[in-house]
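Order of writing sets the chain letters: A, B, C, D, E, F, G, H, I and J. Residues in each chain are counted from 1.
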Amino acid sequence: MLYLVQMDVRIPDGADPALVERRRVEERARSQELQRSGEWRHLWRVAGRYANVSVFDVADHARLHEVLSTLPLFPWMAITVTPLTDHPSALPS
Amino acid sequence: MLYLVQMDVRIPDGADPALVERRRVEERARSQELQRSGEWRHLWRVAGRYANVSVFDVADHARLHEVLSTLPLFPWMAITVTPLTDHPSALPS
Amino acid sequence: MLYLVQMDVRIPDGADPALVERRRVEERARSQELQRSGEWRHLWRVAGRYANVSVFDVADHARLHEVLSTLPLFPWMAITVTPLTDHPSALPS
Amino acid sequence: MLYLVQMDVRIPDGADPALVERRRVEERARSQELQRSGEWRHLWRVAGRYANVSVFDVADHARLHEVLSTLPLFPWMAITVTPLTDHPSALPS
Amino acid sequence: MLYLVQMDVRIPDGADPALVERRRVEERARSQELQRSGEWRHLWRVAGRYANVSVFDVADHARLHEVLSTLPLFPWMAITVTPLTDHPSALPS
Amino acid sequence: MLYLVQMDVRIPDGADPALVERRRVEERARSQELQRSGEWRHLWRVAGRYANVSVFDVADHARLHEVLSTLPLFPWMAITVTPLTDHPSALPS
Amino acid sequence: MLYLVQMDVRIPDGADPALVERRRVEERARSQELQRSGEWRHLWRVAGRYANVSVFDVADHARLHEVLSTLPLFPWMAITVTPLTDHPSALPS
Amino acid sequence: MLYLVQMDVRIPDGADPALVERRRVEERARSQELQRSGEWRHLWRVAGRYANVSVFDVADHARLHEVLSTLPLFPWMAITVTPLTDHPSALPS
Amino acid sequence: MLYLVQMDVRIPDGADPALVERRRVEERARSQELQRSGEWRHLWRVAGRYANVSVFDVADHARLHEVLSTLPLFPWMAITVTPLTDHPSALPS
Amino acid sequence: MLYLVQMDVRIPDGADPALVERRRVEERARSQELQRSGEWRHLWRVAGRYANVSVFDVADHARLHEVLSTLPLFPWMAITVTPLTDHPSALPS
């Protein structure tokens, strides 16, 4: 099951820099773990913004929620989720 | 150069059904031609809506505009374009 | 898989009343067929508006799109889709 | 009387973690009490967000307000309320 | 049960003037009938716009929907509904 | 002169609870004083939100501003004002 | 009583040019009549748009509504109304 | 050159009251100085809100920016600017 | 005086193709005339949309309105205008 | 490759004035360095707001992101990016 996910990160004004750095490092590690497992299929940076556009390929909604809600930067992210399906004009990849 | 493109189609209320059908057929053919050339890299349907989410990989902005503005359904589409770059946490694909 | 679906109907200004009536009758029949199959689990009217709030329980995104995009009133509806999962505080129903 | 209620939770940046945890525990207990009484009829998680979609079945507007405004997380929630009625195409459940 | 209802009227560009006039006359008659019955408790014009602000006092959501959806101008109105309850600081009227 | 006024209250995250309580008590007293004088003609709670819908009947814009801007909770409220007039279909009350 | 009024004009796509011209001429005449009477105190064009910003000085809300709703272009205008009062820092004019 | 300027003031939650008071006094003095020079031609309070609607008459965009950006309350204001011109139906004032 | 102007073109659904073509040709000619005179200083296409971003350098607001409101495609454009000034960090060009 | 970039700066309420000043000085220096290199082609102030409108001419999306995300004021800016191409009616500059 495919989902387009857009994540905008906003670090709170008074956040502790050490906490921010630790969460960023953990986010990166977790993201790569999920990419290797194939669940985080695409990950792009939005040019000019602290945001990403991603495509997830997970078993179901519950798994998507588990994955997103445990990301280290989750408390600081605004997230939108769009369910995607095969397009009738898409060629087999 | 990568671009996230979201296209929402709205057929005008009084459109001639034959015209609508012809444009849809042409759109499909053109879309597949661009997929085969590698410029229309991803094409997904948004579940529940007459809309798609796509990723284009084209030489530059001018080529993106040329490709989108000559789509047969272009006059009936609302389009948003988001430039994408490599994400520092993305693994090599 | 559960989805919250909100459908707002807007009949075009000059629509043929016979066409409108036929689609409404077909919509009702199709809706009840899907309720009986268990895929259209809940269907409520939004008080004061020509709109409904529904919960679908379908196999996957592709089936949701198939069901929604073939509704007789689909061309006249604005639709929003929200994927739902079990809530950790929800009691077994 | 049925109401669709959507609740988005936003924990303030500098909130005391112990206070947050206590309110979450209380919210869960209160939510389950209301589910058992039948007033909080449905409770779903919105996939990917700290938010829920619920259906309440209460005596009237006053009771709905009493229930929502005394939730432990109420001060941190953005809430929308939509009155629902029976849909003419709905089958008896 | 009290509801704040805001109705904005938009006559379609090509509407038949005789139809518009007939619906306006019927709307007025129906509105006064509901005011006399006590269900349409308040009716005000929004200064400078073809719109009204109303307060309805009806038995339940189903009755509100029945009343609003059978108004002669309903097909041309955008309607918002807000459930109201007694305010703890309000004096008995 | 009638005005529909909608007030949404948002208590700042770190507000002193004693200050909040004092302003609430003062707000209630001031509100009842204005209701008794006839200027705050209607006051309803919006079900499920820390907000009210009110109708004021005051001499002019200047008096409306004087009344609203001196409410104890004014610094924490988002306010919208809509001028109302008699509706041609309204029955004499 | 002062009101800031913003009017955006949108001529319907298929409007009869003779009707449009007649309404424009009548609008101009009516506007100047109201300027001479002192009720339409200021009238400015919004640079680059078919819109104006105006200040009306009328007896009350009812008169404002009477004036605006009988403008020849009223059916084609989107109007916003903002009640204005004296500013405590304003010098006597 | 005329500009419609709308200024909404939002005092930060934890602002020092002495600083707020000082800026308000300075703002008032500066505002009156600009009114006397003829550049701040109109200044009205928006009824019910901590906001004003103004008309400036200044030499050019650069002067408008100089005037607005040096207002004592500028850091706490949300400002919108609309360029105005003579309206063809306006009478000579 | 510099202005950022964004123009979005929307051809009405039933527009006569000959009229559309004629206006496009006239728009192009008029645009180039204004570019040669130096008043339409920059003109760019928004990639993927029937829209442009422009910078005008004209004498004042009145001239800007005269130029924009007489463009052949003006009746079909949604226009936004933003006044620009020199930036203190900009180098002399 | 050309990009329209709009940057709105919002200094956090409690920011250290020395930090703000240092970042402003660094921003100015960095901005001028990029103007000299030709990548920051245009830089204008939005009249009346702490914001700028810019046109960048950079090699690709990745370079745009590198340039913007390393600006000293980046953490305090809301940024929008619009890809621009040559307009068919534009004269050679």
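As a working rule, a residue touches a chain if its C-beta (ideal position, glycine included) is under 8 Å from a C-beta of that chain, and two chains touch if they have at least 3 such contacts.
In this text the structure is predicted, and so the values were computed from the model without any measurement.
S.K.: Could you name all chains that are in contact with chain F and with chain I at the same time?
M.R.: Output, common partners of chain F and chain I: G, H.
S.K.: If contact pairs are compared by residue number, which of B-C, H-I or F-H agrees with D-E in over half of them?
M.R.: Copy of the D-E interface among the listed pairs: H-I.
S.K.: What whole-number Å value describes the gap between the mean CA coordinates of chain B and chain I?
M.R.: 27
S.K.: So how far apart, in whole Å, are chain B and chain D when each is placed at the average of its C-alpha atoms?
M.R.: Once rounded, the distance between the two centres reads 39 Å.
S.K.: Go ahead and note the Å separation of the Cα centroids belonging to chain F and chain J.
M.R.: Each chain reduced to its C-alpha mean, chain F and chain J end up 43 Å apart.
S.K.: Give me the residues of chain G that touch two or more other chains.
M.R.: Expected reply: 2-3, 13-14, 45, 47-48, 61-62, 64-65, 81, 83-86.
S.K.: For the protein chains shown, what form does their contact graph take: line, ring, star, complete or other?
M.R.: other
S.K.: Judged by the touch rule stated earlier, which pairs of chains are there in contact?
M.R.: The list of touching pairs comes to A-B, A-C, A-D, A-J, B-C, B-I, B-J, C-D, C-E, D-E, D-F, E-F, E-G, F-G, F-H, G-H, G-I, H-I, H-J, I-J.
S.K.: Spell out the residues on chain C that touch chain D in their complex, using ranges where they run on.
M.R.: 2, 4, 27-28, 31-32, 35-36, 42-48, 52-53, 55, 82-91
S.K.: For the complex, give me every residue of chain A touching chain C.
M.R.: 1-3, 60-62, 64-65, 81, 83-86
S.K.: Under the stated contact criterion, what part of chain A meets chain J in this complex?
M.R.: Touch list, chain A to chain J: 11, 13-14, 45, 47-50.
S.K.: In the complex of these two chains, what residues of chain B are touching chain I?
M.R.: Residues 3, 5, 12-15, 61-62, 64-65, 68-69, 75, 79, 81.
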